[in-house]
């Protein structure tokens, strides 16, 4: 066991939990109506609590238990067999379990952005828990648990496919099944607090250091480089998105800048262990520009109310970064070099295949899970509740009291 | 001239604004208010303590109009604000003695 | 007595307050309102979605005064609130039948 | 009918609401306002810069009532809102020409 | 000296300070009226500043100076004798001093929840500083400074007794002496900003990793396990509290969920170095359920306005966890095993005795300190100030400006 | 390479970024009008994004490239020659690059406090980027990059001169060139949200551990002592400022307390690697008192609208601490001892000279840069925009939506 690596992963675990609580929760809460601010915070918080128990019960085992190329089995349920002295790599296995748990928390929490202001709370909780067990945990096993995608040579250092593609596709499917918010697209209300969104985004930026540099699972040169490319990509994404806004509106908005930052971060995530600083710069710019355009398309062209743009920013960003990794991993472009016997082309094939498989898997299963759950739980609240806002109706609370 | 004060449900504001435009009213003033009446507020509960919310959010619209359009305006507001549910609100009509447009000093109907 | 309702631009509140003091008015009530009229609000844009803001922030001043000072008060407000730009607002004068000072029970002019 | 506008201290709202219920008034509209008058606001101080707060928080209550109960209502408000301290507020009575209940279209007293 | 342990405790110190500033401050600030939001933030901030100096002056010395079984003496006042090269265990003593200071800051800050919206600021500061010197520092010495409770074999890894019982009991006593808020229990106003409370709670969750895992004072397996049981207990506490609410009101509130999380964290704190993951799960559930019930009892049955439930959540949670540690420390229940010659029963006796001694000590001394201070300082503000709110009257500021 | 040192600097980098995003951004945002809250957040965010790219492009090279006593040259532009295995001291050079980048971000962000509510956004971005390249990076080279001030023996452990004097002087110059806010000094509006300011200040306190203790570039005794003196100085600064307020107004404000804390932190920054705990106490008190008085003088006496007191708090605090270091570094006063052949007097001379040179450099160049930029960009918005607020006019957003 390595004390230094342990120290850094202890820290990274705190940083990644911080990304969801309160980071992502605030990022999303600022973008909805004031009457739904608490429901969004509650969605993220409840997901964190319930998924943690699910991960402890079976999730971790499915993802990292021994087993076959498809899943890890239930041998490590409730951490059975994992004692205080168990080691995973150079760190305690309990710590590895915790670090991975924070990923299992934030992934379904990302999906919260697809359905706010109209979904029923009990559906959110039930769906998220089941989704982590059935959709997410197996994918983790395939990519990071020695499963078949790992064997194929898929490069996904910190979760472009595992986290962002799964969440992005599932978000899109849920948004289509749930239907748009009342008044969408022309009469939905603007973000009630861009400031909250910026605070959350800032926490995401900081926390992402734990997400990407922590994925090195060591306090070493790889972690240093991962942090570097992550930061450069975030900055480049923010600038790229803002430039797009400046061109179109002659104004750069705060919400736009932070959204571009998240796009840059989602894009660099799969690449953060493979590419060099220049690669980070290119991926960030690409992420900012492409995600900006897709955001417009999904809402305006396709009229899908993926309310907070989970698919356009995370799904697309994660997939884009996964593809671009095939190029920028090459030493010629400043990366760590392609794997033995891989060419840019062959690597690109692997990356694309991985994306497709995981996208289909996530989309189909999400549709099935939601369809089944709808039989037992309220999927969408009634119109009066939606008009009044979910905070008071579903949680008996109000976000802001004046008189 | 008359000074019309209408209390409506918040999400009806845009409908009412459009309805007023429909009868040629291009100016109004709105504000957030809290209403108390037949419609009761929901209780809030924090750590087991229940808080009866007596006042529910409403929007107040104030619009000054010429005498001849008062009825159309009242009807327009009524139709736009009506959801047939308790709490839809009220429309009050007061007499308006004079009006002045700050910018130009115009008075009476011209000021509206 | 008259009940004067003035809609002005928010940053003019202090000027108006001082102008009123200038004509001997030492009491008034102000509130934040949203105005709709000739002056259009700017559009807000979030992630490429444009939100037309129909209502612009205004301040409403309510002041009860004696009949004899009404004109001075209206003029004072007008001059203080005027920026010669669209959206400067309106002044409405309503009849006030009676006024009471809660603390003392004084009525009429004495209550103001 | 009369349209009563009362300016009171914020923490007196519930007392006034109950007092009105006591005289049979089951509907009213309240809003947050800022008051200027004899009662002066406290100064705020940030990093040595002093900000004189001219306006103090008040609550405005608007209630439409039948002519015959006006006096009871005014008294009820007065007694409930009174703390014998400066700043207790005012009660203004305006004439109300007509009232309509949005939901039903009832007019006059029935609308209240 | 161990670099890795130093790295982790440097981080933990930052995390625990973060728990108070702004974590706990926000957690509490969201629960009061808008007119008192700044006074609550100021209470926490002023306590952090003044207690830091007190800890430097005498607190640390009383707690960790050599000396006898009762107190550490004044030998280390102003860190005299503690140089840059002094070492404590495997880390610099200056760092150990700092890590412990963050505990000395948060403990009196927890008490802020007992008396907001009506206490006078100068009383808060004077009381807190004296309380840390007279009540808290000695208890630290007894339990962590090699004092008599340590010798008795009391198990309190991260402060169930030292932090939560002392703060909880003192809070209850102060609340009773101060009297309830105007209008309590039926006409107090609801929390003005549950969102702020959630942000603070999220920071507490993250910071608690430094609190509990940092208490291992090393970047090792014990830290990994402490983080694991801490997280599971927090999640379980949140779920348990929410389920209680669902049963009673068919609604789960955000304020409730985060309060249950804090209850779970307070409960696991003393046990976080002794129990295993399943123990964490059980303690979390127990904490959530029991604290929920006590919260109702204190306010509704006993009519005590411990305004933000410091006793019910922290005092009770900390004590409960301390007792349950006696069982779940046993290897049979997945713990690290009972100490040489201890049985569950004998350990339970030690735990109970520790709680009683510290509870009495805290309660009696708090009453005495407050009684004396009342002679010199305003204890409670006058009614007009309470009505208007403390922000403007005591601090010359307003929390929210609109016009 | 040292894993433990790497772990701590990875953490410190996250902490220092956290100081700017969202720390400093919130600290400033709470102090302006509600109609400008987003513009202040956007200034800080945009500076973080653009300066990051500038630092990557040339900043780091100018500061830490080999080269001469005056600048580091462009040899390391775009990290050329810096590979994943490059090492700087005991940590990866990429990590050292990142750690330093967070300093390059916060320094121009500090200047945001000089010009809010009236400056044009595009000017902010252009100025900040150029300023970092021309003003800041060279000074870094002089002091930390082996330049002539380092050779002179200037003691500036974490940036009293490099960060606070450069930012403070440039802020003062910009404020004078830009002119005061409409209504200054008597009719500007009060801080719209002291609570936001406190949240930001709390994050600054926590993040400053990474700033100062991280500047040890190792997880060692120096880091522990730096954290200790930093914390004590922050606490002392907060208390000192509050006492000044109590004397003058009989009230201690939250905004005042947190401002004093920042003053204490700015003051200890240059000294945090040289002085002992008692030195930290004295510097904190001195910082709180002196910065309080200068704040009054700048605004009331000299009528300069350095709106959020960047010069009075950071510039003065940083310079004061730099001077006092000459005394408290001496072993006699608990410090690490003066350098070979230095006396308090000679060291004081060096410190003073360093301050003067950097102050002149920053002031003159800032004036030149601003003068040139004014020819191409709008410096100050028109009055109507200023009245309406910058959020809506420049960014097309509103900070708070109700209806």
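The letters A, B, C, D, E and F name the chains in turn, as written, and every chain counts its residues from 1.
Following the convention adopted for this analysis, a residue touches a chain if its C-beta (ideal position, glycine included) is under 8 Å from a C-beta of that chain, and two chains touch if they have at least 3 such contacts.
Fair warning: this is a prediction, and the values are worked out from it, not measured in the lab.
Judged by contacting C-beta pairs, the busier of the interfaces C-F and C-D is C-D. Residue numbering at the chain A/chain E interface overlaps only partly, since under half of the positions present are found in both copies.
Spacing of chain A relative to chain D, judged by their CA centroids, is 51 angstrom. Each chain gets a centre from the mean of its Cα atoms; for chain B and chain C, those two points are 18 Å apart. Here the CA centre of chain A is 33 Å from the CA centre of chain F. Each of residues 2-4, 7-8, 11, 189-191, 194, 219, 249, 251, 253, 255, 396-398, 402-403 in chain E touches at least two other chains.
The set of chain D residues that touch two or more partner chains comprises 14, 30-32, 34, 44-46, 55, 94-95. Interface of chain B with chain C (complex): residues 3, 14, 17, 26-31, 62, 64, 94-103, 105, 111-112.
Note for the complex: chain A touches chain C at residues 31, 185, 188-191, 194, 245, 248-249, 251, 253, 255-256, 259, 292, 295-296, 299-300, 309. Within the complex formed with chain A, the residues of chain B that make contact are 11, 14, 34, 42-46, 53, 55. Per the touch definition, chain F reaches chain C in the complex via residues 187, 387, 392-393, 396-398, 403. Against chain F, in their complex, chain D makes its touches with residues 44-49, 51.
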